[in-house]
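Here chain A shows up in two complexes: once beside chain B, once beside chain C.
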Partner chain A sequence: MSFLTNKFHISSGQELPPDRQALLSLICAFFLSISPHTGRLPAWFALLAIVVLTWRYKIITANVHQPGRFVRISILIIVIFLLFLHYQTLLGRDAGVAMLIALTMLKFLELKSLRDYMLVVFLCLFIVMTSFLYSQSLWLGFYLLAVVIILFTVMMYLNHRDRSDLLGMLKRAASLVLVGLPVAILLFVLFPRLQGGLFGLPGDSHSGLTGMSDTMKPGTINELNLSEKIAFRVEFLAPLPTAQQRYWRGLVLENYQQGTWKENKDGKSTGSLVKYSDNDVIEYTILQEATNKKWIFALDIPISKRAGLRWGSGQTLRSDSVMHERQQNHIKSALVYKFIDMSESELAINMDVSAVTGERVTELAKHLYRQSASDRDYINKVLAYYRNNDFIYNLQPPLLGEHPIENFMLDTRAGYCEHYASSFTMMMRLAGVPARVVIGYQGGEWNEQGNYLIVRQSDAHAWSEVWLDESGWVRIDPTSAVAPERIEYGISAIRQLIEQGQELGNLSQQQLQTVLTLSILSRSLKNFKLFWDGVNTRWYKWVIGFGSKNQISMLKWFGFKQANVRILIILLVALVSLVVIIQAWILFRRKKVLDPAVRQYQIYCQRLSRIGIVRSNSEGPRAFARRVLLLRPDLRELVLPVVEAYIAIQYAGKISNEQHQKLIRAVRNFKPGRRKIALNNS
Partner chain B sequence: MEEYCLSRKNLYMLPTRHGFIFSIVLLAMLLVAVNYNNSLAYLMSFTLFSTVLASMLYTQRNLDGLCISYGDCRPVFAGKTLTYTLILSNRTKRDRFDIGIEIKGEQSRRRDFSAYESLNIECSTTVKERGWYPLPPVQVNTRFPLGLLFSWCKPAELERKSLVYPAPAEWQDFPARYTGNSAKPGQSRSNNDDFSGLRQFRNGDSPQHIDWKTYARGKGLHSKEFHGGDMPQMIFSWDDAHGDKEQRISLLTRWIIEAGAQGIRFGLDMPGYKLEPSNDERQVTKCLNFLALY
Partner chain C sequence: MNTRFNEIRKFLNEIVLGKEKQIELCLCCILARGHLLIEDLPGMGKTLLAHTLATALGLDFSRIQFTSDMLPADITGVSVFETADSSFRFHKGPIFSSVVLADEINRASPKAQSALLEAMEERQVSVEGETYALPEPFFVIATQNPLEQTGTFPLPESQLDRFFMRISLGYPDRKSERLLMEKEDRREFLAKAEPIISRTELIGWQQKVKLVKTRPALLDYVQDLIEQSRNSPEFSNGISPRAALDLLNGGRAWALLAGREYVMPEDIQDILPATIGHRFSLSMEQEGHVNIGLNPAHRLLEITPVQ
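== the complex of A and B ==
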């Protein structure tokens, strides 16, 4: 390695000291890098940034002294102390990011050499990366890609001798990233991904998620969660289920105590509890947003589960681990099914009415049951009771008092799905019919562009299941008795109808159509939203959600029998080298003639060879010209300018454009005819 | 070798100090990405890595195809300043950025090259010893585009030498056997010489021999030719000079220069080398070449 010790291998001898513009561009790049974080940082950061960066700018413009080591370290200690006060820790994601930003800011105070400037650029790149720990949206991705290109431009700017052509540098930085893109994509797809982290995640890594709760207490909250946030998206392999079939099962609540419905913790089942025919099975892929919970939502009755999932009580699905991230599951469900017999203890729980208070409601149930011929008839009687007694579907119902079921059934008679599911289930139990509550989602919006169904938080729903001896658990949705529009058109239609003061339950088809028809503007807005959601969904599916599972299925798809890390690495190395070799070949390809003067001279020789005078390889321009003139004295006026101009260029140290033009003109004029030879010879 | 063109055969590349720091930052990013299993953090680390990989190609390409050659270089006497021209030419359509040029004994330069641009660098160096003086090696380097990688060329391969004549000694009289009828140098000698005619001026002719009268008549430059009728014919021999080897060579050099300037027919008689007397214009060069390498 003698070249390493070469005396010429200078490392820093000719670095340029960064100037004021370099500092300004660095400050701009810094602000662009931290901008996604600004809302999360303590407020005093703004003050710190203004003080530090103004100070720094003054140092360079107004010759203020650069702070000494003592001052810098004091500031650092104060900042760290303040950070600790704010976060109560210096570890973890939030405090770590704040610390990184603070340190970068303080680094501005000691900027001196090129190395300091470069270091700040590197720190900015790191800060950019930390933004992704908070959000991985498409917009943020694009924005930060632009910031990365700007940071590369700053790097170029700092290193470049001639600092005038900023736009050219931006272009070069962008093309550099673009040239690198194929390798980046290969790495992204083939770099072996671990399942789970290396060191475990700090506690603040997942926060601020909202979603469904695992208990239901009708009458305590007087406003339903109408968030437009997406709960999950579903792609179907088979045809789409109808609106009436779109019941997404989440949890089955069997315990009713003190007005609250809860899951029966003892009722964990170990296997599937239903019988079904293969014709009634529907397959779909569900992309569920992070919930920080374990439950998995599935259409109607799920019948299959993959590894990593388990059965919850009442034929529901659970994840083995808490879902901190979006999760994609491929599930099969049966739309027609029959539950097998249930155990004595299960039966007892589902008939438990010990928590129901109030005489009147018990009376009502008994009264209705006495009039019924069968359990099924009783169900219809109760549903008819809702329909015929001025029950209202209301998103802001009055609160229920001491006896919630009784108050609802006989007094307030206004509520949403939870009230109906809860009261209906209790009405069943009071008459001795086993019943339970299921919570989940109902409905969903079909995205034409993306061919998938969007289910939002506002689609949350609750309904009942009743045990009938001949058919097992049967789904009954009492809400549909009051507001069939809820099931048919979804919650957003309900909201519109309520806003317009329409009475639910007995609207004609035509009335509904006119009410629900959107204006062109809001329709196109809605379409755009759906389109954008489709783009986002693909983004999450193919980019954000990409992991080791996708890698394995991809390898299998490409026909690899085994799919393991070794194959990934071999493929990665091979393909990356291939891409780099191809890029190198394209970038280093040289035209056969490098020198434009040589190119012109070759045209001249070509024209001569066309009239039969061929230059031999050993012949210099002058010797060749002599021979040409010997053969064709008549060409003297044409040959000499070419040769003179060519020789002038060849021996000139610095070639002027003028000389080139001269040669090009001479060659253009050089058109030797064949005819004259014949004349001379004859 | 006439010309030294940079290609992957003579180009090397290593990360700069910034490059090393950057790779550490990159590794830290990858660790975060793995730990949080964060797709975009992965994608960003990979994008940065692949950009550096691409910049490797651009760094190399920035030098690839540049050609170094030396222009004219005239022999000088030892102790004088040797000037030579270095030609750095971009023979391609590509623009080159931030090319560093390192020549030993010269200040380092950095400049851009546009397409087909060729640069002449006038260099000078003081030479001390007679003989072949190898022109200092040239190294071309670049840190374009991001300053993370440093590429440079192997400098030794362009071997160009320049001849350095011995330093002439202080004036001493020609050997005693000739001094009898010879005047001191600088004195008019045209009276003693026989004018034999005019001939066309040739490069290298002494300006003292130019016939200014004909020039004034507008007939161009002509040199007067003399035939040393009574001009002595001198043969400088090794034994005529005194002192050690270098001193003798210096003295012989001085005599040859003077004799050449005066148009004296002279020859050289060295151990193992004998040059017949002549007043040919190339006689001086011949003798000096010989002495330079003796």
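== the complex of A and C ==
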């Protein structure tokens, strides 16, 4: 770690008066530090920055007077007033960060000595940290790490004001960050976490998140269909369920009013509605993106929950609180299940057809039901009806008129999952078969690199559940009758097929293959996206998501019987001091050998010692070389360049990069082999 | 320059047989403007060496035989009343020569010794209020009988410290001795010999010594040596600052003699025993048992690491 002793010191004695270059470097550092915040700050900050920084620049270049105390205090009061006006408060994350940035900016007006400049750099480091209050993404982490290195470089530059060695300073700054890494890792792993996220701050609005709503009116999932945003990621402990099994249950909608499906608020909210066999249980971890909602999506059908979750109606899962942040849940689901019973009131709701308007559709349902031998047969009849009557899967269907169900079933016959689920459910009810709508997601993309499933907003789906006396609620997906590709290949395949004008429903395997095979470029792009998503997911899982639970389980893994915050703190203090002591020791030890030439020379001596020629401590380079040549005259051509170059640098004062390269080359070429010479060293 | 040195070396070695190392140290001593102390038995060729040096370097030479009844004036000179112009005139003593051989210095009383040593240090002589500068270059070769011999006033440490180097010639080896017996009388040869270099050339070299480079790495090493001599319990007293400077200057001169413009640790190691051997010693407890007969200077070199 010679860089530390080389040039790095915070000089207190002779300091150079800050000049134009110093100011420019500081302004640079400042802008780099606030750049992640720019979109969030009030617009008048730009004006403030221009005024303050120009003023400052003029103070240095044109000898304009430094503002006096009165002016400075007035500006301060005005700025604080404006901040209050903008945020209505001076507390909280947004206002706090804006205040920190504004005050740092104002500090520029009172820069005088080097000390003030250093203070601004420290403030910039604080500002860098506040960026994490908004985002903890990997990209931002990389960017801010780079900014920290630049801030360190600026510090060194302010001290030395030597522009010829900027690259060297940058390297030293990077090494400094590297030196801090072990302690940073220890702090990260062991520092006791507050409940909540890593940087969780209360009381700020979370808006503008896309996601499912708690009602369904055919036509609304539409927006989601186009969004490539990720809804959640799933890691399976067991083998991956097949495409046909990947129904992610979100909400069960039982009330139908004015063309809109809603949840039944009085529905039974227990988790014991189903029977299942342990063989059909599948375990997985689901990392759900922030939704601002409470529902948790789980593979059909969830059977267990962790603490902090509760049951929603119709065997669905809910979070206790609104999910402002990503949430990771470990869930068990049964792929084969049977609902056990249904109350009278539930039955009534699920057979309610009061909101359905239109004579023709009622007639159709009754007609089909009359032809059926059983409820199950009726289901097949209706599905066949979809298949045989030119229904089209279409993501931009025509609008439905006054009687939405009837219009869809008999007139437009074009739509997507919502239309099919909605109409199918109503067809069931019209014939007296209890039925309801389930919304959630279907499918997902397998990420080979990360071994997890990505479910996007575009995978949003709606399907039906029909009550059959012998088997309880049975999942029926009417969309699959029209567009089986939706279930088999996912929504992106559907979109591609539609774009290419292919008719869905009866495509041959070959046709599908040609359509769905990607070009090399788009395939590698896709692979890269998946790869990057994998990296990000791990980042969230292991770094951002690392919380008190992980700490406790880690402590237990290390064999601590009692794992609590006290042990964490003791461990933290002990290990951090250990690391610091080790680092200090290394630094202290290496201080003696800071000269790179000496290091090269030591490599040469080491190689000689391997062949049995050991330099005595008090042997000078020339004397040693003479002895080496006496013992091994054949090494002459190898030894002399090393010794000459070393003496030239060390004692003749020919210190140049060229000379140093010469030494490095000579040492690299110095390979005396491993054959030991027979010595009688007596 | 190197060839000129070689000429001198050749000349000296032809006359003083089998003493290459001592001759080299002598030259080093002159180049570094230091004074030399030779500790040896009588008849080892001390006078010859001094005389040869003076001849080779084109310097005038005088010899002072120290005796127990010697007075300072016998060295520095006296003011004598001249009847011709009725005034005192200073008659320069034998010390006013460029090469002075002070023979058997430890036979004289301390008073006489200190007169010589003061002149050596200050390079000038003060007699009755008048100051007379000594010639330039000025080089004293003092000889001293081994202390065990009778009738000696041993030089105190403070006086020893003023000598740049102490060497001993020792007996010649068999081969050199035979040559010595076979060859013509060297004193006659010396009387006929011409100087090899001029006084001004020698002064020029003395100036050049100051220009020989000492890099931080070398200074580090010298300081390590000094610290080691002062801190290690093995030695009774450390190297004085004057000795340290002498060490450095000696290294410079030694490097110049080797034709180099920079000093290496080996230069220091070569001259260290002669330069500081007489100025520090092993501590009593060390002397008591293990290291009997060990030269403290060599021990110092051994325990001080060098890169």
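A few comments on the model shown:
Just so we're on the same page, the second predicted complex is superposed on the first by the 527 of 682 C-alpha atoms of A that agree within 3 Å, B and C clash if a C-alpha of one lies under 4 Å from a C-alpha of the other, contacts with A are read in each partner's own complex, and residues count from 1 in each chain.
Note that a contact is a pair of C-beta atoms (placed from the backbone, for glycine too) under 8 Å apart; a residue touches a chain by one contact, two chains touch by 3 or more.
No experiment lies behind these values; they were computed from the predicted model shown.
Once the two complexes are laid over each other on the shared chain, residue contacts for A:545 go to chain B alone; chain C is not touched. In the superposition on chain A, A:578 makes contact with neither chain B nor chain C. A count of residues in chain A touched by chain B and by chain C gives the higher number to B.
In the superposed model, A:238 makes contact with neither chain B nor chain C. Once the two complexes are overlaid on the shared chain, A:588 sits against chain B while remaining clear of chain C. Shared-chain residue A:130: touches chain B; no touch with chain C.
Overlap of the chain B and chain C interfaces on chain A comprises residues 595, 653.
Chain A makes touch with chain B in their complex at residues 3-4, 6, 8-14, 114-115, 118-119, 122-123, 125-126, 128-130, 132-133, 136, 140-141, 144-145, 148, 152, 155-156, 158-162, 172-173, 176-177, 179-184, 187-188, 191, 193-199, 201, 205, 325, 543-547, 580, 583-584, 587-588, 590-591, 594-596, 653-655.
Taken in their complex, chain A has these residues touching chain C: 595, 598, 601, 617-623, 647, 650-653. Residues of chain C that touch chain A in their complex: 213, 215, 217-218, 260-266, 269, 301-307.
By the touch criterion stated above, chain B contacts chain A in their complex at residues 8, 12, 14, 16-18, 21-22, 25, 28-29, 31-55, 57-58, 60-61, 64-65, 71, 85, 87, 91-93, 97-98, 100, 102, 108, 110-112, 116, 118-120, 137, 139, 141, 143-148, 150, 152, 154-155.
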